[in-house]
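The letters A, B and C name the chains in turn, as written, and every chain counts its residues from 1.
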Amino acid sequence: MAERRPQEGLTRDADGADATEVGRVARLARLAPDEGRTARLASDFERILSAFESLQSIDVDGVEPLHRPLTGDGIERGDVACDDGALDRDELLARAARTREGCFSVPRTVG
Amino acid sequence: MTSSDARDADATSIAESCARGERSVESVVADAIARAEADPFGAMAEVRAELALERARELDRRRAAGEAPGPLHGVPFAIKANLCARGFETHCGSRLLAGWRAPYDATSVERLLAAGAVPRTTHMDEFGMGSSGENSAYEVPRNPRDSGRTCGGSSSGSASAVASGVVPFALGSDTGGSVRQPAAFCGVFGLKPTWGRVSRHGLVAFASSLDTVGVLARSARDLERVLAAASGADGRDATATTTRFEPRAELDGLDGITFGVPTFARGDGLRGDVASAFDAALERLAGLGARLVDVEIPQAEHAVATYYVVATAEASSNLARFDGVRYGERVDGDGTLDGMYAATRTHGFGDEVVRRVLLGTHVLSSGFYEAWFDRAARVRRLLSDGFDRAFATVDAVVSPTAPTRAFELGSVPDPLELYRGDALTIPASLAGLPAVSAPCDVEGLPVGLQIVAPRGADALAIALARAFAPGSVPAAEVVR
Amino acid sequence: MSVGGWEVVIGLEVHAQLATGAKLFAPEPYVFGAEPNTLVSVVTSAQPGALPVLDRRAIRLALRVALALDCDVADVSSFDRKHYFYCDLPKGYQITQLFRPYCSGGAVTLADGRKVPLVRIHVEEDAGKATHDRGDDTLVDLNRAGVPLIELVTEPALRSADDAVAFLEAYREVLVYTGASDADMEKGNLRCDVNVSVRRPGEPLRTKVELKNLNSLRNVHAAILHEVARQSSAYERGAEHEVVQETRLYDPDRDETRTMRSKEDAHDYRYMPDPDLPPVVVTSEELAAVRAAMPELAPQRRERYVSRLGLSEYDAGVLTGSRETSDFFDEVVRLAGDGAAKSAANWVSNQVLGALSNAEITASTLSDLPFGPHELAELLRLVDEGTLHQRGARDVFERLVREGGSPREWVEKLDLGAVRDDGAIEEWCRAAIAANAKAADAVRSGNEKAVGALVGAVMKASAGKADPAGVREALLRLLAES
C-alpha cells in the first residue's frame, strides 16, 4: 500500500466523478448522499480529521497495535455441526425485501 | 407495597418480594405496564403488554408449582433496541431496520429471561452512535429529571426508563460511554463491564472491540445482581471471557482503598458545576477512608481521536451488512445492484451514521490505513498499558462521568463537540476496563462519578460505587 | 515453455475447501447440492448481532497441508476482514488472513520431482453463490457462504501450462491424502486463479494478467495457452498497450479470455484485523499431535508398496492414483496378509478398477460397489488355499460386482469349488486322450504343447472345477505310461 499523508487527497482530483475524498469513500461505502448532505458531511469530515491530527505526533514505533482487549484466550468450537442459530428457509427469507425460488433476489449483476 | 413504592423499588427488592410471594409477578408487571404506557418521556419503544402479562402469569404458576424462583424473578426490565429479543422490533434507532424482528435472542437477554425478568424495549441513538438520543429515526427520549433536556446517549431510552421508574433496571450498550453518560445525566447507576464479560452475541455491532452490554439501575447492588445473571462464557461469542463473575461482599467503608485521580479528570471542557460536584465526591471518598493520589494515564488526551478512528473504522465494517439483500427496507435506486446498495443505505442511515461510516471508510482505505487506523490501534495499546501501570499503585481511577450535566435538547448540533463530550468515558472503553457511573449527591441536575477498575475487576468497581452511593436512588417525580 | 522465444511466467492461487463437518465460523454443515438457503444460520446470513466462532478442526486440517508441504507454521496467526460489496457476501466482508497467515513458505513437489516454492497458505471463508441465468434478476443462495477454504499462493515459478496442470495434480494429491479436502474441481471445492505473463529470457517480469473461471484442469491448460499467445502476439506487434494488469475471464466455449475488471477499478479492500476473533495460537504440542495423526501420503505409500510389498513402480502408481483406491488396496492387504500383496494389486488395479469403468456396472466409485476390501480379501484367501481356481474366482468376482454377498457362499451356491478327487480327474483325462487321439499322438511324439487341447477338454468336462496345472501333470503322466 502506498503511504499517503493523512490530509493529502482530501480535495484532490480523483480519477472518477467525485473530486473529493468524501466522494471517493462514499462510493467505497455504497453511500450516495445528495449534494447538500455531501457538502455538509465534507466540511465535518475535514474538521474532524484535522482535530484528530494530533495522533500523528505520537511516537508509536515498536508499539504492538491493540485490536481487541481480550481477558483470556477466547473461545473456539469443536467440529460438531449443530443447529445453534439455525434458521429454516422460510424464516430466513421472511425478512428479505425480495425472494424467488428459495433465493434472495437482487438486481441482475451480469449480462 | 404500593404502586408508588414499586416505582422506587430496586430490582433486588422486587425479586425478593415476588420470590417470597408477597406480591404476584402479575401485579408487579401490570403496574409496570401501566407506567410504561403512561411514560411521558418517550423512552419506550415496545411494551408488548399481552406478552408480558402472559409471561408474568407463567412465572407465578411456576413458583406456585414449587419451582425455585430466579434471581430476577418477576422483575420488569427494559432492553435497548439494539439487543436482539425474539418478538420485539430490534430497530437499533435506524430507519433501515424498521420492522426487523430478530429471529433469535441475544445471550444477555436470554440469560435475564431465564433469571425470571420480564422484558420491553427502549429507544436509542441510531446503532449506538450519539450522546443525546437525538440521532434516531424514532422518538427522542427526554430526561425525567428535566424533560427539556437530553437523557444522554446512546442508551437514552434505557436511562430515561430507569430514572422515571418505568423499570428498575435496563440493559444498554456502552461503546464509548453510552451507558455511563446517560446514567450520569439521568441520576442513576450505569455499569460498563470489562470487554468480554457479557457475551456480545445478539448485540447489534457498532464497534466490536469496544462494544459492551451494560446495565442501568437505581442501586449498585442491582448492577451486581444483573451482571451475575447476564455474564459468563458463551460459545457464540469467541471473545466472551471464560472467567466467572464473582460478586464481592459489601465494603465496610473505604479504608485501605486508593483512588487515582487522573489528569484527564480535570481536563479542558469540564464545566465548573461538574468540577465542584467532583471535588465534593472526592471529599466524600476521603471521608469514607479512601486515599486519593494523582495518576498520569499517558495518551489520555488523545483518547477521543484514538477512539473515533477505531470506532468509526469498525462501524464502517460492521454496518456493511446493511445492504437491503437479506433484511431491512430496500430502496431500488437506479436498478443496478450497486445503485440499490447506495439508495438503501443512504435512505436508511441517518446523518451521524453516514458521517461515521465515511470517516471509518477513509481511515481504513488504501494509503490511509497506516497513518490512521494502525496508528490509533498503537496509541490504544499505550493507553491501555498506562492504565495497567496505574493499577499497580491504585485500586481504581475516578473522574466525573461527563464534562457537563445534561444539556438542552437540540443545543449541541456540532458532532465534534459531542465527540469531545465523551472524553472521560472513552479511556476505559479503549482499554476494555470495567467502569461504573454512580450518582453524586448534588442539587439540581445530576452529576455522575465514574469509577474505573482493573480489567476483570467488575465486582470491585460495583462495590466501590456502592460504598460511595449506598442504597437506591428514587425515581424522578413525574410531572405531567 | 518457450513460445517464439518468449518465456512464460505463471503463478497460481488455489482455493481448496476444507473437509470439516461445520462451517469455518458457524455451526451448520455444508452439503454440496442441497436445496438453496437451507444450510444458513444466523451467523452465515449475517443477521445483526451474530458473531463468528472458529471451528478448530479447520485449523488442524490446514496444518496437515502445511506440514505435508513443509511450510513454516506461525505460532500465532489471526483473521482479518476484507471488505467489498457483493450479493453473495452477507457481511460485506470476507474473513480471511492477510496480515498474519497461519503458514508461509514450503513447496509442492511435482511428479517428476521438481519443487514449486510457495509464498503462503491462509485460511478464509467462502462466499455464497449468485445465479444469473434464471430470469431477469440475480438469485443468491448462501449455503456455501462460510465454508472453510485454504488459499495457497505460489511463487511465479511455473513456466508452462503443463507445469500448471502438473502442479494442480500434485497439490490435489496432497489435499486428498492428508484428508484436508475432497479437492474435486467439478464440485468447485478446488478452484484456481492463474497469473500469467511472458518475457524474453533474462528480462525482469512484465505485466501479469489474472485468469479466473477455470473449473477444470483442461480449462487451466487451454486458458494459459490462449493467454500466452495473446500476450506474445501483442508484444510482437508492438501493441504493448493491449497487455494491462487486469483480471480476465476464460470462456471455454469460445476458447478465449475477456476483461473482467482492470486495475483502475480494482477494489480497495480496506483490510482490518477482525476484532471478533481472538488470535489463533498453535502450540508445539498441537503441531506434534497433528503430525502424529497425519495420514500416510501418496509418495510414502508408493515407497512402501515397492520396497515392502514388492510391487512394481507402475502398479504402485496405479494404486495411489486415488486415495480411495490406495485405501481399498491397503485394507485388502491388511486382511489377506503381505504375501497376498501382488495378487491383491492385480485384482485391484485390473478387475476392481476395470469394473468401475465398465458401462454395465452402475458404480462409479469404490464406495458405490456392493462389496468391499473384506470380500476381495476373502476371495484371495479362497484362491490361495486352493478352494477356488482363477476361473472360478473370476466367476465369483462377477457376482460380487453385480450383487455383493459373501465369496464363500457364492462358491457353494454356484458349485465352483475346485475338484481335488484324483480318481475323477484321471477318469476325465483318460476320456480326453481317447477322444483326441491326434493330440495325444502329437504329445507322445514330443510336442508337449499339444497337451493344451487335452487340458481344455478336461476343464470342460469338469465344468472348470479342476486345477489346470494338476490336469496337465496327470495327462503327461498318463501319456508317458501308455
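Here is the rule we go by: a residue touches a chain if its C-beta (ideal position, glycine included) is under 8 Å from a C-beta of that chain, and two chains touch if they have at least 3 such contacts.
Since the model is a prediction, treat every value here as computed from it, not as a measurement.
Colleague: Determine the chain that sits nearest the middle of the structure, using the mean of its CA atoms as its centre.
Modeller: Taking the mean of all protein C-alpha atoms as reference, the closest chain is A.
Colleague: May I ask which two chains are joined by the most contacting C-beta pairs?
Modeller: Per chain pair, the contact count peaks at A-B.
Colleague: So, comparing C-alpha centroids, which chain is the farthest one from chain A?
Modeller: When every chain centre is compared against chain A, the largest gap points to C.
Colleague: Suppose each chain is reduced to the average of its Cα coordinates; what separation in Å results between chain A and chain C?
Modeller: 41
Colleague: Go ahead and note the Å separation of the Cα centroids belonging to chain B and chain C.
Modeller: Comparing mean C-alpha positions, chain C is 55 Å from chain B.
Colleague: Express in whole angstrom the distance between the two chain centres, defined as the mean CA positions of chain A and chain B.
Modeller: The computed centroid separation for chain A versus chain B comes out at 24 Å.
Colleague: Multi-chain contacts in chain C: which residues touch at least two other chains?
Modeller: 42, 45, 47, 50, 53-54, 85-87, 138, 140, 268, 270, 273, 275-278
Colleague: Which residue numbers or ranges of chain A touch two or more of the other chains?
Modeller: As it turns out, chain A has residues touching two or more other chains at 28, 30, 65, 67-68, 70, 74-77, 84-85, 87, 92, 98, 104, 106-109.
Colleague: Note the residues in chain B that touch 2 or more other chains, in rising order.
Modeller: Where chain B meets two or more other chains at a single residue, that happens at 100, 103-104, 208-209, 235-239, 316, 320, 323, 325-327, 337-338, 341, 361, 365-366, 369, 377.
Colleague: Spell out the part of chain A that touches chain C in their complex, as residue ranges.
Modeller: 15, 28, 30, 65, 67-68, 70, 73-89, 92-93, 98, 100-111
Colleague: Which positions of chain B touch chain A when the two form their complex?
Modeller: So the residues of chain B in touch with chain A come to 100-101, 103-104, 194-197, 208-209, 233-243, 299, 302, 305-306, 308-309, 316, 320, 323-330, 332-333, 335-343, 345-346, 349, 351, 354-355, 357-359, 361-362, 365-372, 374-382, 384, 415-416, 419, 430-432, 455-456.
Colleague: Going by the contact rule at the top, pick out the chain C residues touching chain B in the complex.
Modeller: 42, 45-54, 81, 83, 85-87, 90-93, 138, 140, 268, 270-273, 275-278
Colleague: Quick check: in the complex, which residue numbers of chain A touch chain B?
Modeller: Residues 1-6, 9, 21-22, 24-26, 28-33, 37, 40-41, 44-45, 47-49, 51-52, 54-56, 58, 60, 63-72, 74-77, 84-85, 87, 91-92, 95-98, 104, 106-109.
Colleague: Which residues of chain C touch chain A in their complex?
Modeller: Contact set of chain C toward chain A: 20-22, 26-29, 35-38, 40-43, 45, 47, 50, 53-58, 85-87, 130-132, 134-142, 264, 268, 270, 273, 275-278, 281.
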